[in-house]
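Here come two complexes built around subunit A, the first alongside subunit B, the second alongside subunit C.
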Partner chain A sequence: MSSVRVVVLALLLAAEPNVPASEAHLVAGAEAFRAESYEKALVEFRVAEALGSTEASWYAAASLLKLGRAEDAVEAFVLAERSNRAAADALLEVYRGQACYLAQLYLCADRWFESAASRAGPRLAPQLKTLRAEIRDALQPAQLDAAIDRRLARAAELQATRPALALAYAEEAAGLAGRSTSRHRQTEAATLAARLAAPPRGSQ
Partner chain B sequence: MTAALLLLLAAADPCAVPPPGRGAGDPREAAIYVRVGDSERSRGNLGAAREAYLAALSRAPDSAEARRGLEAICRSEADPLQAGADALEDGDPQTALQSLANARGRGNDRAVDLLEGIARYQLGQDATAIPLLESARSDPALGESASFFLGLIALRRGDGDRASRLFDQAGRAMGLEDAARQLARMAQQEGHVVLSVGAELVYDTNVALRPDGAPLTLPGPDGSVGLTLMGLVRPWGTPGPYLRVEGQFSKQFTISELDLIGGAAALGWRLLGPSGSLTGEYAYNYQALDGRGYLADHRVFLGGSLLTGMFLWGAAYAAHFETYRWEALSDQSGVRQVLELDAALLPGAGFRLTAGYAGTWDAARVDPLSYLEHGPIVELVWARGPVTVGARGAIGWRTYRTEDPNYQVPDSDPPVYLRREDTRYFATTWLDLGLGAQWSVRGTVRLFRTNSNIADINATEWVFIGSVAWTGSVL
Partner chain C sequence: MFRCALMLGLLLAWTAGAEELAPRTRALLHEALEARLVLPSEPPSLQRPVLLPSATAPAAAAARESNAAATQAAQSAAANRAAQDLANGKGHGNGNGNGNGNDPSDSARNAAGQARAAEARATGGNGASNGHNGNGGGNGGGKGNKP
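Up next, the complex of A and B:
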């Protein structure tokens, strides 16, 4: 989170006495994030989230990434996107790509790096380009089938308890299957991803 | 001075509870921090959870929930073994492994081996889990628990014999007894040579399917006792080939014409994968009623199942080449084919809900006795410890191929014959109770009802069965 953003949030908070309670925690979280106190940041973002801030969900996900909990971060980003798709910016997309990359969800990472690159500045763009090249190298056709099996197995393992994270694995498997010459388990992966992407019963 | 010292100590120790009386904040906000702390703790994010509890205590110093949470966190951080055990209990083997990585070298490595072995087993890493569990088994205090999980691995690998022995050892441990007993029963059925003996007492309200409103002089209710023997030989365990031999005897209390003696032999092959199985089998079955040869049946069977996530998909096909030995029934001889497709939902907590559709095509020697039957099937089973409860219902719509000269439309001239069309209803419920690794008792109630366009065929039958069975692996 940039220091400009923290300052803007703090100024808004000072100028408007009737701001929602969640904003104070959002600012506290942003300050902790900037000070690299990621555990404190995560807690403040979670409290802001509990008080109604959907924006805070994105920053909580970024905090999880900084805490080295890549899978948790991937899951949190999926949930944040569901609650407020518009809150993402280029930096959060980079964080999301990093979380995917660390969880070995390479197509997911590539997608978010690509999206961020279109809006990135001159310092970030070359780094994203390098990361995307590494991803291309990692996706060797000969190893795709085994990679699909691993991701589908993980998706199956998670689908009952952590469907949002399972969705990320199932989408990755479906994407890899689309690149596999034998279309290895493509229908199975696509079906699982579609089922997990459907809104939970009762959410409408 | 004291307050200053306490604050200094609190700053030095991240687990120190802030001293009370610093002034309360918003208790609702404190409650939110506690919820966040609980949530992060359950995810294994102990540092964030500690931050949340401390934030809660700074707003509500008297919050018992926040104090309890903080104390639990600090215990876990001080004792990574406990943290690993907590994570396993929360169903998070990955986090357990992270905690256990810091637990070695503190004088309790056998316990670490046990917990890491369990976590590896839960993650499907059997090859890594086995040496860890074997190491834990060398500690008498941990032996039973380690044996239990080694048994689970053996069962997963199809080595029922070894699984059975390990579950026997595990059954000595308090708390594992129920699970070990049920798994031992499964393992007993996975041995190289398995014997099973079953005895049953039956009461049937309509043993000869007397039509509705028929005179009471026709055979009606009757009881029987039955005995079933089964032997199964699997030289190489499962997967692999097998030979099954069965004997069946049933003695009616009053209608001796229905006394049954039967025998069957089957040769098959069962393939078993991590998420599916496939069985192919040929069987010959011979039955005699009242001492006279009644039915000879050559059967070819192919069936399989596939587990994907919470769903178990099943398919089964059988072709029966049947020969009725009695002259009066010989026209019913022919080929009867049965196909069933089903899907079972396994939502956990021991439940299995199955829905399927079955079809039968019976090509008898004469067309009026040939029929097509099809209809849905639903089954619900719940198993917990030694208890299994189940209920199954099915409907079959049966249409015969042509008109039957035995059923003439009344007063028709020239005679017009009816083609038989039946709707058949089946319902069964049962309760099975395991008594130790080898014995089980079961109570079953069955209902069968036929509604036909020919009133003489309408009938209802209730069957009540009490049975006891012994199943054991002898090799």
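Up next, the complex of A and C:
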């Protein structure tokens, strides 16, 4: 085939309106999610993700939350943010906050609820404000040290196998340590969080 | 040189297009999430133990299996699509008389069946519809109503 024909063929290929292969799976996932078929939604979003849609990762994370897999959802949101930070909107931030909330990562939840509340509508914003007030009340100083210990222990368990999830626990522990009057294990938590947040060797 | 530049340009354009989400799809996704949004009703408590690893490890393993199946689905679909595009001179979705009349998303659906089976295991379902290598579940998995 001559080079001219190759170029013409390439131009013709490019001229066709390009519908991403992942699009159909995103639509199917949205329909399944709406129908409360969260397992099916998750599979559709995962297929879309594998076909190259980084936005699908956010919706897969939301599906995990609806399936009651809060930790998996937290991890999936962390990974989704790494692959496409710009895809998040206020609604996805509420879902992310919920995942953190259900995994008892309350500072994480508060952060996402706060971010979402600033852009949420008149129905949702007051509810988020109430949740944030409840979180604030729950962070009793007397309970912080034990809570930090539990979160650091979980981070240590997960750091080798699921570093993104371990990071969420380590950041939570560091945040709680900052509120502790004794700064309980603050340096340890901050160091672990910093290490987990750093990109793995060889990835850049 | 010219050809290289042209092909690079086309590749970049294709990549950009692949990331672009249609407004209708975005609206569907947003509506679905909004319709199913339920805020937590249980009050927060620092005293509860964090989630136990024993409760989450099997789910995580099955989820990773599901991800692998989805990746395989995507790769198969992309390869089939490319092959069919080439055979058809960029025609889509037709039986073309070249012995290549397969729907390019068939293999995606097949492997999606495997993904469904894995997800069913992860969420405590029985995965019964995927008992034959996942393929049966993929083909019969309700994709017929896809727009």
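Heads up, the rule we're going with is that the second predicted complex is superposed on the first by the 187 of 204 C-alpha atoms of A that agree within 3 Å, B and C clash if a C-alpha of one lies under 4 Å from a C-alpha of the other, contacts with A are read in each partner's own complex, and residues count from 1 in each chain.
FYI, a residue touches a chain if its C-beta (ideal position, glycine included) is under 8 Å from a C-beta of that chain, and two chains touch if they have at least 3 such contacts.
Note that the structure is a prediction, hence the values are computed from the model and not measured.
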item: Partner chain(s) touched by A:Arg69 [first = subunit B, second = subunit C, both, neither]; value: both
item: Partner chain(s) touched by A:Val43 [first = subunit B, second = subunit C, both, neither]; value: both
item: Subunit B versus subunit C as contact partner of A:Ala117, first or second or both or neither; value: neither
item: Which of subunit B and subunit C A:Ala174 touches, first, second, both or neither; value: neither
item: Partner chain in contact with A:Ala61 - subunit B first, subunit C second, else both or neither; value: neither
item: Subunit A residues touched - subunit C or subunit B, whichever exceeds; value: C
item: Which of subunit B and subunit C A:Ala193 touches, first, second, both or neither; value: neither
item: Which of subunit B and subunit C A:Leu102 touches, first, second, both or neither; value: second
item: Partner chain(s) touched by A:Leu51 [first = subunit B, second = subunit C, both, neither]; value: both
item: Where subunit A meets both subunit C and subunit B, residue numbers; value: 21, 39-40, 42-43, 46-47, 50-51, 64, 67, 69, 72, 153
item: Subunit B-touching residues of subunit A, taken from the complex the two chains share; value: 21, 39-40, 42-43, 46-47, 50-51, 64, 67, 69, 72, 153, 156, 159-161, 188, 192
item: Subunit C partner contacts - residues on subunit A that touch it in the complex; value: 3, 6-7, 10-14, 16, 18-31, 33-34, 36, 39-40, 42-44, 46-47, 49-55, 59, 62, 64, 66-72, 89, 91-92, 94-95, 98, 101-104, 106, 109, 124, 127-128, 131, 134-135, 138-140, 143-144, 146-147, 150-151, 153-154, 157-158, 162, 169
item: Subunit A partner contacts - residues on subunit B that touch it in the complex; value: 29, 32-33, 35-37, 39-40, 43, 45, 47-48, 50-52, 55, 91, 124, 308-310, 348
item: Residue ranges of subunit C in contact with subunit A within the complex; value: 3, 6-7, 10, 13-14, 17-22, 25, 28-37, 39-40, 43-51, 53, 56, 59-60, 63, 66-67, 70-75, 77-78, 81, 85, 90, 105, 108, 111-112, 115-116, 119-120, 122-123, 125, 141-143, 146-147
